[in-house]
Amino acid sequence: MLIGKVVGTVVSTAKDEKMQSLRLMVVRPLTIDGQEGSGYVVAVDAVGSGVGEVVLYASGSSARQTVLTDKRPVDAVIMAIVDTWEVDGQERYRKDE
Amino acid sequence: MLIGKVVGTVVSTAKDEKMQSLRLMVVRPLTIDGQEGSGYVVAVDAVGSGVGEVVLYASGSSARQTVLTDKRPVDAVIMAIVDTWEVDGQERYRKDE
Amino acid sequence: MLIGKVVGTVVSTAKDEKMQSLRLMVVRPLTIDGQEGSGYVVAVDAVGSGVGEVVLYASGSSARQTVLTDKRPVDAVIMAIVDTWEVDGQERYRKDE
Amino acid sequence: MLIGKVVGTVVSTAKDEKMQSLRLMVVRPLTIDGQEGSGYVVAVDAVGSGVGEVVLYASGSSARQTVLTDKRPVDAVIMAIVDTWEVDGQERYRKDE
Amino acid sequence: MLIGKVVGTVVSTAKDEKMQSLRLMVVRPLTIDGQEGSGYVVAVDAVGSGVGEVVLYASGSSARQTVLTDKRPVDAVIMAIVDTWEVDGQERYRKDE
């Protein structure tokens, strides 16, 4: 899994029937320093995340293991919202309450 | 998933029996700025997309989760046509009606 | 999938029992401009391709979806020989008849 | 699989139900010279590893093959703690007893 | 699949129960020119390979398709020892008898 920041959304009406009722988020991966990295992935939201939140996302076939994404043609899923993230004894991020 | 632009097609007559009746599209991934990135992927079209359209595509085993691609030897599928795409509060793309 | 050119072969006698009777081809991926790219992959031939031919190959679990490669420990398969390939309205390649 | 060093942890309370009771570790891959490489992955700990330890981790669908991670939406798992690691006849690492 | 050279080994005693009785080899991928490339992967040996040998290895879920690795949390397997490898009509490698 990687840690990312939700930075946007994708809207589609013409789509495969198995893509119905999924929220598509644009996620920027964060570097180990907590900075926004390059690149992005479009991931299905399985935990009610919103733009601006720091999340954990899984890729590949593992993205189909949530109840929401089971057997769907999706290769990335947000399955956790990050509370805190610590590297080398230093807090990289803490979610505001 | 990634967002891409359909830029071409591939035609093949000598192919595995499980590849019959599939439309093969050349897709260029778009960067998070909405520009055409480097590289490409050949993806099966599962939503009636055409050259010039901005689409969403899935890779890996997830590409076999549409009805059309089930159990086929394909590792990329176009399963949605993008209407709008927004990043950091700015619209990156809007499909012409 | 990616488009590649078959440039060589690999021969092995000491191999897993599930690797019997498979032709192993060295494939160079082609860039979107139709040039030989860097890198290579060793792919199982499922369509009778030969050295010098331009082919389509699939990677990952999708490589096991042909009848030939079912349940085999192979992660790349050539499952189509390319007739024509067109990008941005220009023909990148046409197979000689 | 790759060899990595556990350098941190991730905590999440709002998560998919299938993510309950998993320890999430931040792992830096090590280079073949035994140095900390760039990048990171968040992996589920399946062997009781701790921060500072050198471990082996698997990615993709293989990350779901431990009893702990079966059918969970996780794409990386720590499934072994490294005792020794040898390359070109030289010991890269030996775990302190 | 890729061609690699076995350059080392990894030893672990604290590991997931499904990792028992597997030999873990450090494999350097070879470039298409037959040189040792950068990077490495730790792969399970399914064919009795040894340090110094040139082998073929598969990655991802395909690495679990040998009898030895079935349902194990491993994402790379050595499933063939290379006898000869030819590119552009030139022999890149021939195993010494």
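Read from first to last, the chains carry the letters A, B, C, D and E; within each, the first residue is number 1.
Quick note on the criterion: contacts are C-beta pairs under 8 Å (C-beta built on N, C-alpha and C of every residue); 3 or more make two chains touch, one makes a residue touch a chain.
Nothing here was measured: the structure is a model prediction, and the numbers come from that model.
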Subject >> Any chain in contact with subunit B as well as subunit E >> reply: C
Subject >> Common touching chains of subunit D and subunit B >> reply: A
Original post:
Using the average of all C-alpha atoms in each chain as its centre, how far is it in Å between subunit A and subunit D?
Top reply: 20
Subject >> Per-residue multi-chain contacts in subunit E, two or more chains >> reply: 60-61, 63-64
**OP:** Pick one for the touching-chains graph, please: line, ring, star, complete, other.
**Re:** ring
Original post:
What is the sequence of chains around the ring when one begins at subunit D and proceeds first to subunit E?
Top reply: D, E, C, B, A
Subject >> Residue ranges of subunit B in contact with subunit C within the complex >> reply: 7-19, 24, 26, 28, 39-43, 60-61, 63-64, 71-76
**OP:** Spell out the residues on subunit D that touch subunit E in their complex, using ranges where they run on.
**Re:** 1-3, 32, 46-48, 56, 58-67, 69, 77, 79-88, 92
